[in-house]
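Order as written gives the chain letters A, B, C, D and E; numbering starts at 1 within each chain.
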Amino acid sequence: MTIHSAQPVLDVRHLSTHIGTRAGTVKAVDDVSFSVRPGEIMGLVGESGSGKSMTAYSLMRLLDALAKVVAGSVLLNGRDLLQASEEAMRQLRGNDIAMIFQDPMMTLNPVLRIDTQMIEAVRAHEDVSVAVARAMARETLARVGIASPDERLLAYPHQFSGGMRQRVAIAIALLNKPDLIVCDEPTTALDVTIQGQILYEMQTLCRESGTALIWITHDLSVVAGLADTVAVMYAGRIVESGSVQDVLRSPRHPYTHGLIASSPSNNRRGEALKQIPGATPSLLNLPSGCAFRTRCERATEICASDPPFEAIDGRTLRCFHPIVDAGGAHG
Amino acid sequence: MTAFLLRRLIQSIVVLIAMSLLVFIALHAIGNPIDILLSPDADQAERARTISAFGLDQPLWQQYFYFAKQALHGDLGRSFSFGTPALQLIAERLPATLELAIAAILIAIVLGVPLGLWAGLRPHGIAGKSIMTISILGFSLPTFWVGMMLIMLFAVHLGWLPSGGRGETASLFGVQVSFLTWDGLRHLLLPAFNLALFNIALVIRLTRAGAQEALLQDYVRFARAKGLRPARIVGVHVLKNILIPVITVVALQFGSIIAFAIVTESIFAWPGMGKLIIDSVRVLDRPVIVAYLMLTAILFVAINLVTDLLYAALDPRVRLTDAKG
Amino acid sequence: MEETITLLAQETTHAPPESPLQRFLRNYLASRIALCGSVLLIAIVLAAIFAPWLAPQNPYDLSQVDILDARLPPGAQASANASMNNAHGSMTYLLGTDEQGRDMLSAILYGLRISVTVGVASTIVALAIGLVLGLIAGYAGGRVDAFIMRIADLQLAFPPILVALILLALMGPGIGKIIVALIAVQWAYYARTARGAALVERQKEYIEAARGLGLSSLRIAFRHLLPNCLPPVIAIAALQIASAISLEATLSFLGLGLPVTEPSLGLLIANGFEYLLSGRYWISLFPGIALVVTVVAINLVADQLRDVLNPRLQTQ
Amino acid sequence: MAERAIPESETPLLALRDVSKRFVKPADAIDRVARAFGAGKPAEVVHAVDRVSLDIRRGEVVGLVGESGCGKSTLGRMAVGLHTLSSGTRQWQGDDIDAMPAARQRALRLAMQMIFQDPYASLNPRLRVDAIVGEAPVAHGLVPRAQRSDYVAELLQRVGLDPALARRFPHQFSGGQRARIGIARALAVKPELLVCDEAVAALDVSIQAQVLNLFMRLRDELDLTYLFISHDLGVVRHIADRVVIMYLGRIVESAPADELFAHPNHPYTIGLLASAPTLEVKKIAFQPVAGEMPSPLHPPSGCHFHPRCPHAMPRCRVEQPLLKEVAPQHFSACHLNDS
Amino acid sequence: ADLKIALAADVSSLDPHYLNIAPNVAFASHLFDALVNVDADGHLVPGLAVSWKPIDATTWEFKLRHGVKFHDGSPFTADDVIFSLDRPATLTRSPGPFTSYTKQIVAKQIVDPYTVRLKTATPYGPLALDMSAIFIVSKKAAEHATTDDFNSGRALIGTGPLKFVSFRRGERIVLKRNDDYWGEKAEWDKVTFRIITSAAPRLAALLAGDVDVIEAVPTADIARLKTDPRFHVEQKISWRTIFWHLDQLDRPSPYITDKSGKPLAANPLRDPRVRAAISMAIDRRALVDRTMEGQAVPASNIVAPGILGYNAALPVEKYDPQGAKKLLADAGYPDGFAITLHGPSDRYINDRQIVQTVAQFLNHVGISASVETLPLSVYFGKARTGAFSMSLLGWGTLAADFGLRTLLGTPDPAIGWGSWNWGRYSNPQMDKLVHASLASVDQQARDTYAQQAMAVALRDHAVIPLHYQYATWAMRKGLRYTARTDEFTFAHQFHADAPMQKASALK
């Protein structure tokens, strides 16, 4: 399924984003590199606060005033987004690179009708008549599985259920046939059955249109079913990335390993779960070197210095003591 | 909807009854209007005769019941000092006050929303900070003082605008209004601005707070992610969401604007209800006070109603029956 | 058990204990403008409290005031006659005198005292009444709620000026009475706000948890609900103090405020108002400036309070 | 920790019999007048829980699973007495709770405690940890005031928190620690039954495991019984002895956990299990359940699931299927079982 | 030419018989005449009656003016007079009726169309004065008219120098010249009255050129206006005397205590020495110069100079704080006492300040005086019941016997005496003199009696007069006004002194 040959649509190199807060500088994204090829689905996994959303906002240049990209480059089809002018970036957003957010309740403007919100998205990029734009909107709504789209176009967001709203948001993202869609936990707030439907549909749509996806989630099992490649973030850094099979079947970073091992489905029923000790550290006072070392069984003194970001066997890894042969996480 | 209207109706009737009762008791306790209005040359017998001619010598509850009976027939009595039906008096003055209040609200919105937006979008700029500082003055300066300053500056020193009064009016659907004539408009400007001052500050603050909050919302981020132009994001997505609280609050302010018109009207010699009511309180002209309160209470209820309707019109999420009752 | 131990060790080193008060202060003091406002406000309050010691004259003691010194411009010297009456001997009227010959500086200091007392006292009592009623309404709901809120509506439908007008006409002038009038005018705002907050807080799980623990309603309402409903109410209260001071000034202007011999700032302005056009600016201007500075300081503090107390803007 | 066998015959610790919960928008006088005149809307009734019977035996962990809005929380609140019952009865070891003397009811109220989902909203932000945990036992006289801090320290220790943190406020804790405080608060009144409403849903994956382990440890140490509400099938499968599946206010299936995951019977259960993503790397190949859950304001007739059911028959539209034992201890409410 | 005048008080009704308050009366004078008019000095001059005289002790005869036309062109006759005199009594729903001026008349007789006789029950001297208060309306226009008809202008037909054009209540009234007026015709084609009740804005309107004339100029601004070349100020001592009523009832006075706040056994104000002491403690010069900014003159009577019954022999009380202290000591109050002075707010010029200044003076002689000012709505009602110890009142009248009867006559509802005797002063000697004065149809005798009564009352210190205030008008340069003692603003008595010059100056 993965298309290794093509040029990446998106190539992120050494991206760092810092947030200046009262309490100090937060390195929300720290030296993050990855790439996505056309039609490929990349899962970006990590726990709350690990910098997933910040990475996405950095790509889209949608950061808040306090946050700044301090280093790195984001190449979309070879063009560095971070160098583009604000207007050029605006034209790219929604047109070449689209984004969907987590909370379907909040992403649609509650006081504007669906058709307004869809038509404006078309007309922001293409000089077409309202009628044409409406036709496109209707067609796209139908594609994401919304029944009687004509009627639904006239509705307000609150008249939809959560799942439907997320479909509308997906439809808006698809409107201008972008090359890449960044999805920031779009199904986290939804029920399992609805999530199942949306995952299935997204997969189909991408396959049909060749759109690449970045799927942000904290749920490894979603990635397992959906993505081609996966990158695992911890405290602002990607600690491990590679194809889904490789990473999930034989995680090599102790954190990835810990995560997979602590999943109930990898444990015997009723027995104590394997757990990663400690809590996710605050980004404000990270331990030096490897941020995971205080929770890591394998940590040694060397971990106090920054581990290199290495490519080994078709995956990348940021660890001094990778698990060489885990023999699968299923203990 | 019917139930909603019915509820409002019953509530307002209760409010009206309670209000008229309170006024009756209060004014009775304050004093006797005849003592103020009666000519100094009148003797005790004349005083007694006059008091009984107005029924003021009767027990209060009898006076109230008489009033209530008449009120049910739409008669709120005649003003003591004007000798004119109180309702007619109020009705004569109502348009002037309403016009002033509406003008004030429009000024507040027209000036307040853009300034507030500006301050909200650029909270750290010099302009934004100055706007906020000046808006504090709007809250803190006493209306009467500012009014006098405005007169001194624009009427006395610069001579640009008249110092007070209502000026020429034109008839609109049988109601005399100022804003249709140039002269009337000139007369309207200063008092309306004076009355608007507090509300400009309020709208600036509401708008700024709203803008800052809206900017944090995902829908704004989503709009940016769609590649919309900033003008559209601010002008449509942000503004429409801000307008909901702004319009609601401002509409609810309408009541207090009318109340504070008392001060503005006496400074600018604006012939509205406010001046009438303060004169009436001075001479304990009960029918006028009662009629005024009734009217403002009805107005208040109506404004609440309109606000709810507006709210529903602006905010699709609100259904009427859900509105606070 | 060992997993918990490691966890604890880390946490203790990371977050030093900080009480809400400390956190509040830290957030509060973060803004320079608010800091200025607070310093100003403290200075004003101190000036008000220590007015009798700071003021060169007791402007409320008519035997110290001399009509022969009426309307002297700033910097004028007191006449011999007036100095004789004055406890401090000969004096200079730094800010001039008013139409009774009161030293404006003293009058402003004393007036500040009254204005601040009126503003603060009326606000505190109105807040207490409104808070309790609002909490009861919000927590009890149903008929109690409807009853309390209808009374509040009634109150809100009365134009505040008229209420104060009628009450003052009824009771006569006096600080206590003007405070009562202002309380009557204000309590409903607090009741509404407190009820709104109570309705929101009541939904929260910690209230449900308290119910689940079998705690009494009274305890839940006042120990759990009340402290959490306080911030929005306090934020509007701070603003309301300013507006109470303004309202008192307006009432004084309408001739319905305080006793004329004990002028508040508002009454000083209202008295001096007549002299605006005749060039004797100091009678109205200086108290005007004092009022504006006071109200601005309160507003600055109130704004910052509102920002800091607003849970949505609160930093962790 | 070994699997334990729960004797079936024993009287359940808590039994809910035919309980229902209807939420009605309260109609005031004016609404009633309006309605009498034919204006106004009919009262809006939400059947959040519709004639549900549930037995929880001592020492058992019952998992309650279902989609958002299906009535899980409502049922949990009814179990601990935070919601009154619209109909039905609640029995504690066979005795009807509502018929008990008030004092006993109060005591029982403490015997059943709830652990909430949101680790932020469920702790009073203005109280210190020792007050949060220690208030109720002192108020109820379980612990003398003087011994409060010792008691709190002991509880904090038990849930894995440093007693030195007792003077802190909730905002100074991480999500996982807050969850522990919530648990300590519940344990403070010595409950026998804990209703955990999505108690780990808000936690990070790595923390979730810690808290789940804590639950299991406490169960052994304190001999607790759990009603464990969750939408995460993986979690429920891991912790529960018996799993109950709810759909739109009704129980559609109930079975011992192994049995349920191995042989789901109800079409909804089957769809649900298929929808749940797993760590196995395999592409999603189909939409397991089509459509969305209908609004509880206007539930479908007959079997609530029929509009989404791939096997729906005409009968499903009119007749409500009842729970039937399809295997030992395995109940399911589906007409397919009749054919 | 047009004239714009800012009035300080609202005209509440255009019906000249509805409510007897100054603004209404002043306004009605433009449209209507009375039988007897009052000139600028407060003297009675022929109005619609060219002459009047008593023909016996209880009968007055009025000769009416010939050739007078109402605004609608109909002629003025005795019928109109009788109708107008009858009308006040028919307006039973008036809160301030004009019947005080008609109640003495027991019979009216038309001798011929231009002669009217009015009979009183007892000899009654001030009848002509009473007649100056009743406006003559057209019987034809007013016979079936209601007050509302007057307000709408329909019945507003008089003989006055100006005619009605329009009325916007509370805002403005427009009048135009009556070209057929029997007397001196108004100089203005059109007169606009604007109601601007607040003093500062009223002045601002003049400064801004929005109006030509303002009445009731605040004392604070008079000095400046006088020196401003753009404006002109006219002044006259007003008929209004400002004085203190003193509680003289035989019981502890409600607002007097000893200095520690304990009630006193007796009412010190009953002691004439205490009253005199209070009067001597007041520095009227300073009061007038400072508090009134020179816009008043110290008073010795309770009527203004020039008014019938004014006793020029009475001196203004000399300021003598030492003497006051001594008198107090003599009266048994060497340490003074505590008293609250009451006054209205915003009724008389600078009333609040006056009360405070007097309190200052009292403090300086050891009486600790505090101040309470009340809105009018409360003040009069309370004062009437004798609720205050010392209360400020301003009184304007054109005859001293009238004033003394009402203010200081021994209260007696049966004959209508002492209705404003708040302090319940009572002196049979004074009562007798006032009686004699009122019963004198001979105006000379009347004046003498009244002066004697005045002397009796003031020697008793029955009240403590403070000052006569100035009535002040300010107008743009080029206008002249004969200032009136009754404080009325009459548009038709404004004159342009050099219209040509002004027109050219504008170019």
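Just so it is clear, a residue touches a chain if its C-beta (ideal position, glycine included) is under 8 Å from a C-beta of that chain, and two chains touch if they have at least 3 such contacts.
None of the values given here were measured: they were computed from a predicted structure.
Undergrad: How many links in the shortest chain of touching chains run from chain B to chain E?
TA: 1
Undergrad: Taking each chain's centre as the mean of its CA atoms, which one is most distant from chain A?
TA: Between chain A and every other chain, the largest centroid distance is to E.
Undergrad: If you average the CA atoms of chain D and of chain E, how many Å lie between those two points?
TA: Chain centres of chain D and chain E, defined by C-alpha means, are spaced 86 Å apart.
Undergrad: For chain C and chain D, let me know how many angstrom lie between their CA-based centres, rounded off.
TA: Centre-to-centre distance between chain C and chain D: 49 Å.
Undergrad: When the centre of a chain is set as the mean of its C-alpha atoms, what distance in Å lies between chain B and chain D?
TA: Whole-Å distance between the two chain centres: 53.
Undergrad: If you look at chain B, which of its residues touch at least two other chains?
TA: In chain B, the residues touching two or more other chains are 30, 148, 152, 156, 281.
Undergrad: Among the residues of chain C, which are close enough to touch at least two other chains?
TA: Expected reply: 3, 7, 11, 169, 273, 276-277.
Undergrad: Find every residue in chain A that makes contact with two or more other chains and list them.
TA: 275, 277, 279
Undergrad: Looking at the complex, which residues from chain B come into contact with chain A?
TA: 216-219, 221-230, 232, 236-237, 240-241, 244, 314-317
Undergrad: Give the list of chain E residues in touch with chain C in this complex.
TA: Chain E reaches chain C through residues 199-200, 203-204, 207, 218, 220-221, 223-224, 283, 286-287, 290-291, 345-346, 352-353, 355-357, 359-361, 363-364, 368-375, 377-378.
Undergrad: Under the stated contact criterion, what part of chain B meets chain C in this complex?
TA: Result: residues 11, 14-15, 18-19, 23, 26-27, 29-30, 136-137, 139-145, 148, 152, 156, 213, 255-256, 258-260, 262-263, 277-278, 281, 293, 296-297, 300-301 of chain B touch chain C.
Undergrad: For chain C, which residues are in contact with chain B within the complex?
TA: It is residues 150, 153-154, 156-162, 165-167, 169-170, 239, 242-243, 246, 249-250, 253-254, 266, 269-270, 273, 276-277, 284, 288, 291-292, 295-296, 299-300, 303, 312 of chain C that touch chain B.
Undergrad: Looking at the complex, which residues from chain D come into contact with chain C?
TA: 26, 28, 77, 80-82, 106, 109-110, 113-114, 116-118, 121-127, 135-136, 139-140, 160-162, 164-165, 167-169, 171-174, 177, 182, 185, 189, 210
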